[in-house]
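Some structures are shown below for you to check.
Next, two complexes with chain A in common: one pairs it with chain B, the other with chain C.
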Partner chain A sequence: MSDRRQARATRRGAGETGGEAAAPRAASLGPGLRPGLGRQAWLLLRMDLLSELRTLETPLTILFFAFLQVVIFTFAFWADEDTARAVAPGVLWVTITFAGTLAIDRSFAKEQDGRTLTALRLVPGAPRALYLAKLLSNLTFLLMVVCFATPLVIGILGVSLEAGQLPLLGLTLLLGVLGFSALGTVFSAMLVSVRRRGVLLPIVLYPVAIPLIVMGVKATVTLLERRPDPEVWSWLRLMTAIDVLYVVAGAWLFTSTLDDE
Partner chain B sequence: MISLRAIRLEDVSRRFGAHLAVRHVSLTLRAGEVTLLLGPNGAGKTTLMALLSGLLPWTQGRITAEAEGGGEAAWGDVVARTPETLGLVSHASLLYEDLSGRENLTLFGGLYGLRGAALRERVDELLERVALREAASRRVTAYSRGMRQRLSIARAIIQRPRVLLLDEPYTGLDSAGVRLLHDLLGEERDRGALLVLITHQLDLPPGLVDRAIVMEQGRVQADGAPGAELASWYEARLRGAP
Partner chain C sequence: MRGFRWFPALASLTAVMLCLSLYMAFDYAPVEAQMGMVQKIFYFHVPSAVAAYAGFFLAFIFSIVYLLSPGDRWDNLAHSGVEVGVVFCALVLTTGPLWARPIWGHYFVFDPQLTATLLLFLIYAAYLLLRSVAGDSPRLKKIAAVLAIFGFIDVPIIHVAVRKWGGTHPIVEREGGGGLHPDMKIALYVAMVTFLLLFACLYWVRVYLASRRDHLRQLEYEIEEYQLEARDLVARRAARSS
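Then we have the complex of A and B:
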């Protein structure tokens, strides 16, 4: 049995060779303190956001990077107003993806500095709560990018948008960044002890995230071209299904990943 | 809560590729005792501690937990089901650097299920105990090595673990910190905890350690009461005497 597989087996309680099952009297060694998943996740999320608020390292970096991208894309693609409007959805999604990757890459920097993942692995239920907390933390940063980049792209590229389209555009972007955050959280955890993870993260993350991003772009184009709502909703339904898959599979993969660390 | 009487290791080995880091170790560690693990670098002490913590699987043998009432369970099962049984002080601080000392303890206490007044009291009690009350609101990045170590010890015992594993806990501690650590070890032992201490420090106060185990090349070479005899024997071994 490989080390990794046995590590998982040991954490499940069947670590002894010879296939010894957990003794039935293990119940006498019952659980002690048992906090809920929600509370643990909230504590970890609060810690994460509090640390970020103190340094502002991640928010400032990603917002400045998003700004630079929009400016560069504007100069690169500006031919006339029609072209600018046509490329706007692509510019928006690429900006969100690239700036979001910066935030996701930093997801476990705090845990790595003090090697707190080791301490968290000893806390009951903490790995699952950590996944939820990091997912929400990444989602927060990506939503910051969305809130910053969307008006910028609309303003600079001259996209005309009616107020009635805003809720659907918001929902499209939310579904996109939710799935992207879930994927990013898992891949970031997998690469936490890899030295060149900053380089590797996009290489492993983008191929899996591409379907979701393409759907996001398509939904945004459909919306901005003022095609009927059902067309937009067909994309949104697909994105929701993919989000559910990414979030659920992410939770399962994340705990396995931590056991292997 | 677990009422642990002992942890029994039977023929436990751990292999890293071709290298056998821990070789056929059999011993029983008892609650209410401080066991000192001695040995030169690369003797397998830290690996043995990692096996006890459940963070590393063993490749041969079995480790079982004996409960007070006479029950018995696979140690891996106990660790997986009730990880709060364990407190760990390791080479790394295992602390969040951007948080203050108080915030670190509050976070870990909260994760272990403490909340409200009980959590605040426990955090205050530990900050007082490790003499970090005045530095409690400073971020860990501003702490000295010794202060981090004291906070790390406080973090490890916040949930009142039944097993406390300490790997080189003296690192960075000044004489006051060492005294404080010795007092804490005594208190935890009196509480009935099972303590395993790895250190190269041999001038420990009399009565602090109940048992000393010497490891060499992954094997247990000596196991007995600590004292001058064992210390001089061990020092002679380190110098290369047979």
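Then we have the complex of A and C:
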């Protein structure tokens, strides 16, 4: 028994030497050389968005994918105008979720492909800033999908929407994609070096995200059926609570899973 | 999981309790006035759900422990919890429709409790799929631990959510504790204890199996090292003699 434990300890120790060697160097950096969490996150986010802006790889892919989905759903569900209106919230949310998964999957995969993930990991105090930055960049892409798909779905499926409802609809969508990107950021970061990552991400992400997504759908349905605002707000309060929970749990779990290979 | 010594005692107790709870369910408890014999499935359905939650709860606890201090033992305890929990959850989802079909006329209705159980089943089935598809590295164990934690965080969310969105679907009167005949209640409690014992048995076996497997792997690893050393020695001797 003790032999086994010892053997395990030595093996674990051997794996950790890289991390231990990096730690003292990190500590020796002066405080002036260490930007705060907010600045670090901002720099990482800016880098992410800039590199995306140069190639437009992710935005173009996800927006085209979203467009394809709306077209397919319209073909699949169009029976008459009433059914179209009834399925619109579901179509919108499924489109956002699926297209968002593409963006989320890319967010760490491109770091892995460019071999920059290790470098990012070596930055002292980086994990939390990295989480924040990736969360915000995923959120940006998801909001892009939202801004693109919502008018599309409303237009194609003939949903009637008043201008006064727009802020509440926007808030609903924002709360939904915020929680979804918080979850997605954690899972995509962890799955980045795993085989069959592309298949595993949705398998892991969707079951956990279903409650939030369904709440988003329900809130949207309530909104579009022109029920009184308090009913919508009761959904939005729940979604906010879930978002807070996911972001906080995500930040903790992200740091505890990214620190070693 | 050092030994297996007390396992036979636990297994025998479980066997006796299983017989007892069969007797309690079919003979002691009165036949339900409206549903008739079909209601007997209640004594297996509800305890299975309790056992499933026990498994998921254990997985949640040991996943947190694993993330705080990674060790294969904690991972085994968590993985086993999910596996046995999913088995019981599958039992709930099998006995539920069997009960629902004659009573409600449908195999599945979007009753809050049903939806919640189905969603939980999906989360933990994804956990098992992940474990079986993606290998066995420490990294993957951490991913699985995170999934188990998020899954359990989802439990209250799912319960609140499905109760709320139950509004648009038929709400079904459930077997509340209050409306139960006292004899039925006793039978239910016996069944719950029995299923928890059964859960403990399966869990014990599963964890023991996992620890044996790890031990075996360790031995294979050591044998490989010996073989390498031996080959090295032979080669050196051959070099010296020539």
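Here, the second predicted complex is superposed on the first by the 227 of 261 C-alpha atoms of A that agree within 3 Å, B and C clash if a C-alpha of one lies under 4 Å from a C-alpha of the other, contacts with A are read in each partner's own complex, and residues count from 1 in each chain.
The definition used in the following text is that a contact is a pair of C-beta atoms (placed from the backbone, for glycine too) under 8 Å apart; a residue touches a chain by one contact, two chains touch by 3 or more.
Not measured: the values here are computed from a predicted model.
Set side by side, chain B and chain C differ in how many residues of chain A they touch, and the one touching more is B. In the superposition on chain A, contact of A:37 is made with neither chain B nor chain C.
Within the superposed three-chain model, A:50 lies in touch with chain B and out of touch with chain C [touch as defined at top].
In the overlay built on the shared chain, the residue A:207 is in contact with chain C alone; chain B does not reach it. Of the two partner chains, chain C is the only one touched by A:187; chain B is not. Applying the stated contact rule after C-alpha superposition, one finds that A:256 touches chain C and leaves chain B untouched. Judged by the touch definition given at the top, the superposed model places A:245 against chain C, while chain B stays out of reach. Legend: residue contacts after superposition of the two complexes on their common chain; A:195 is shown touching chain C, with no touch to chain B. Of the two partner chains placed by superposition, only chain B is touched by A:116; chain C is not.
Annotation: chain A residues 7, 12 touch chain B in one complex and chain C in the other. Every residue of chain C that touches chain A in the complex is listed here, in rising order: 67-68, 70, 72, 119, 122-123, 125-126, 129-130, 133-135, 137-140, 142-143, 146-147, 149-151, 153-154, 157-158, 160-161, 164-165, 215, 218, 221-222. Listing the residues of chain A that touch chain C in their complex gives 4, 7-8, 12, 183, 186-187, 190-191, 193-196, 199-200, 203-204, 206-208, 210-212, 214-215, 218, 234-235, 238, 242, 245-246, 249, 253, 256-257, 260-261.
Residues 1-4, 53-65, 67, 69, 71-86, 88, 90, 92-99, 103, 107-108, 110-115, 139-140, 155, 159 of chain B are the ones that touch chain A when the two sit in their complex. Note for the complex: chain A touches chain B at residues 3, 6-7, 9-18, 20-23, 25-26, 28-35, 39-40, 43-44, 47, 50-51, 54-55, 110, 113-116, 118-124, 126, 129.
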